[in-house]
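Two complexes are shown next, each including chain A; its partner changes from chain B in the first to chain C in the second.
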Partner chain A sequence: MKLVVNGADVEVSDGINVTQLLVERRVKMPDMVSVELNETVLQRAEFETTRLREGDRVELLYFMGGGRGTDTV
Partner chain B sequence: MILGEVEAPIFQTAAFGYASAEEMADVFAGRAPGHVYTRLSNPTTLALERRLAAAENGVGALATSSGMAAIAVTALGLLRPGDEILTAKGIFGGSVSFFRNILGRLNIRAVFVDGSDTAQVAAAVTPKTRAIFVETIGNPGMDVPDLPALGALARERNLPLVVDSTVTTPELVKPGQHGAALVIHSTSKFINGHGIAIGGAVIDTGKFDWSRGPFEDIAALARRAGAYAFLAHLRTVIARDLGACPAPGSSFLMLHGLDTLPLRLKTHVENARALAQALSTDRRVLDVGYPGLPGSPYFERAQRLFGGRAGAILTLRVGSLAKAFAFINALKSARRAANLGETRTLVIHPASTIFREYAPADRLSLGVPDDLIRVSVGLEDSSAILTDFEQALTVAQKE
Partner chain C sequence: MELTLSDEQIDRYSRHIILENVGVNGQQTLLASKVLIIGAGGLGAPASLYLAAAGVGTLGLVDADQVDVSNLQRQVIHHTADIGRDKVVSAANKLRAINPDVTVHALHMRVDASNILDLIKDYDFVIDGTDNFPTKFLINDACVLGNKPFSHAGILRFDGQLMTVRPGASACYRCVFNAPPPPKAVPSCSQAGVLGAVAGVIGSLQATEALKFLLGLDGLLTDTLLVWNAQHMDFRKVKLKRNPRCAVCGENPTITSLHDEVAAVCDITGKAR
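Moving on, here comes the complex of A and B:
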């Protein structure tokens, strides 16, 4: 299925959850990432239980100190 | 882990390089992970932060250059001019000074209350209050706040409860379990444990909903960072701009301290209990402050909160300033030093050192009379500590 991850179209396995997305996309430092799904921030406990759907917009954000992770706040 | 190393490597570098301008821009924008500059983050320090967050069952941690730096970034992250912070009396003199002098300059008022009296804390909450601050065991007040009751009060008033757990460490209590929003440590103390590095940390327990708190900027950040909002606020604004970062080598030493913390705390507490019991039956000692003594007004609370282990700091009063100095000078193996939580037994006279900037009446109100001695009980053989204190008390009687 297709998702939009950080503004880019990507192809991922059908029906995966957020944790699986982080693995499949080889996301670095997965314990440091904040995940926003369709403009709603997910709690870490929700990563395993949140199944992704075709066309979902996922933002992977890091708050490690370089910048604010977003220009909107 | 990079090469299968068992211990965390020390990343002794100021900056981290990137292959392209685009990659670096992504990291700065938070679209990609990465370290930029050790003032902002560092892999060795990140390893420490992960360990501390796990130890407190928190959502994350920020390590700082000292315990005072952890207090400073936390207070400056929460408070603005016109705000108030409710703080316990009988806390560390450095914290008192920061709250009064630095926050006072910023028109932020610290209101000192008896932190062990929850009703008094509740009565002092005003519409300007933005946080409640206590130490798990007041140093040197030796009082024990009722953390569950304060946690309930903070929740009811929608305020973050900030708990300095330096003297207890996660080994004795996890304040987040009792409703604390933030836990602060001076890692220079028991966590390092050997008196060989200075550091601090603030851990977010995940117990405070930043999206609904009285902090507009953090609430706005919560829309993107969720439970990590306060730490994101510190990392990307407050701590970043203050520059109170730990040295990577210090983070390495803190990690090593954490490895042996449970073993050390066990002996620290056993030795402190033995010394407190011996001093409490000695007629030459006017008073012993140790919440692990059955005679302490905080005994039951300490038993309940700390699983019967009331820490390894105690105070004693010997009747006069002259006797206090004579006692301290007569100690043969205990060291006269300002730190606490080291392997060695350390003593200090708070009134003439940590609290010297305050007038005598002010010191008394902070729980620091002139004859008070603070002891951080070390890991030496217990009978050797008792013998040393016994002979020093004999010498002090000549004054």
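Moving on, here comes the complex of A and C:
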């Protein structure tokens, strides 16, 4: 089925859930992504239970800090 | 407004004054405005330099670190001779040298849950120039609870992101990102890194948002996450909306006071310590 992921048309397996989408899109660090589906942000616990449908608009939004992982301000 | 501009100020700010959206009144507004910049690093450097040059009358700078040689690749406010100096002292010297109109408060301290509300309360706008998630969430929550507009930004490798938050009126950082990622998931130092110029672009965009807000201009990046990839030169605006389930600004908030969270730490070798 076709989805729009981060503004681009992509073809993914029919009926997959959000967790499976992250695998198909080869997202290396799924913990570092927030997912917006049709302009609604999902809770992490919903990734597994949310099935995607043809034409859904998905935004994979990455956590970005300051390029170095320390706790300094 | 009572303030009048001196001849020197009319010259200094002439390129602002001739802008239709700024003018003498707008420049006077900037001179009477106060912005707090948390983090005098990759983002805070360009943000504070442009705000000082623009004549924002009061700038607060908060940072607990000293300048390290590894900062100089992107933190353009610090010079080689500043290595070892407190970042806020190094930065304040440059800001005062650029523009004597600006009062700079150099605050050598770490922001935490016990001090942040007091820190932000006297400012009109806050810039999050920090590099770690616990502090980013703390700044968000404090600005929501303290009803203080702010600019969020993050950078990683060749990517950057930016959003402006008007608490209670637009989506907040937590509406979008829920909670800090588990520390073990945060890219290790060896995987991270950032192109210095990416920090320059995103920090300059934060200054631009602050100036737009202070001047009351339309088109703020509210309810929008600007996402930029420098390699593909691809800017995208992702539409956002307030999340009714947001833990701090949603319908049934669970965060009604502030607390500190523990961050992952790593050293120059890229190993966690």
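Keep in mind that, in the parts below, the second predicted complex is superposed on the first by the 65 of 73 C-alpha atoms of A that agree within 3 Å, B and C clash if a C-alpha of one lies under 4 Å from a C-alpha of the other, contacts with A are read in each partner's own complex, and residues count from 1 in each chain.
Assume contacts are C-beta pairs under 8 Å (C-beta built on N, C-alpha and C of every residue); 3 or more make two chains touch, one makes a residue touch a chain.
Model, not experiment: these values are computed from the prediction.
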item: Chain B versus chain C as contact partner of A:Glu36, first or second or both or neither; value: both
item: Chain B versus chain C as contact partner of A:Asp56, first or second or both or neither; value: neither
item: Which superposed partner A:Asn6 touches (first chain B, second chain C, both, neither); value: both
item: Shared chain A contacts, counted only where both chain B and chain C touch the same residue; value: 6, 29, 31-32, 34, 36, 41, 43-44, 61-73
item: Interfacial residue positions of chain A with respect to chain B in the complex; value: 6, 27-29, 31-34, 36, 41-44, 60-73
item: Chain C to chain A touching residues, read off their complex; value: 38-39, 41-43, 62-65, 74, 110-111, 129-136, 154-157, 159-161, 175-178, 181-182, 185-189, 192-194, 198-199, 225, 227, 236, 238-241, 243, 245, 263-266
item: Touching residues on chain B, where the partner in the complex is chain A; value: 27-37, 39-41, 46, 50, 59, 217, 220-228, 231-232, 235-237, 239-240
item: Interfacial residue positions of chain A with respect to chain C in the complex; value: 6-7, 29, 31-32, 34, 36, 39-41, 43-44, 59, 61-73
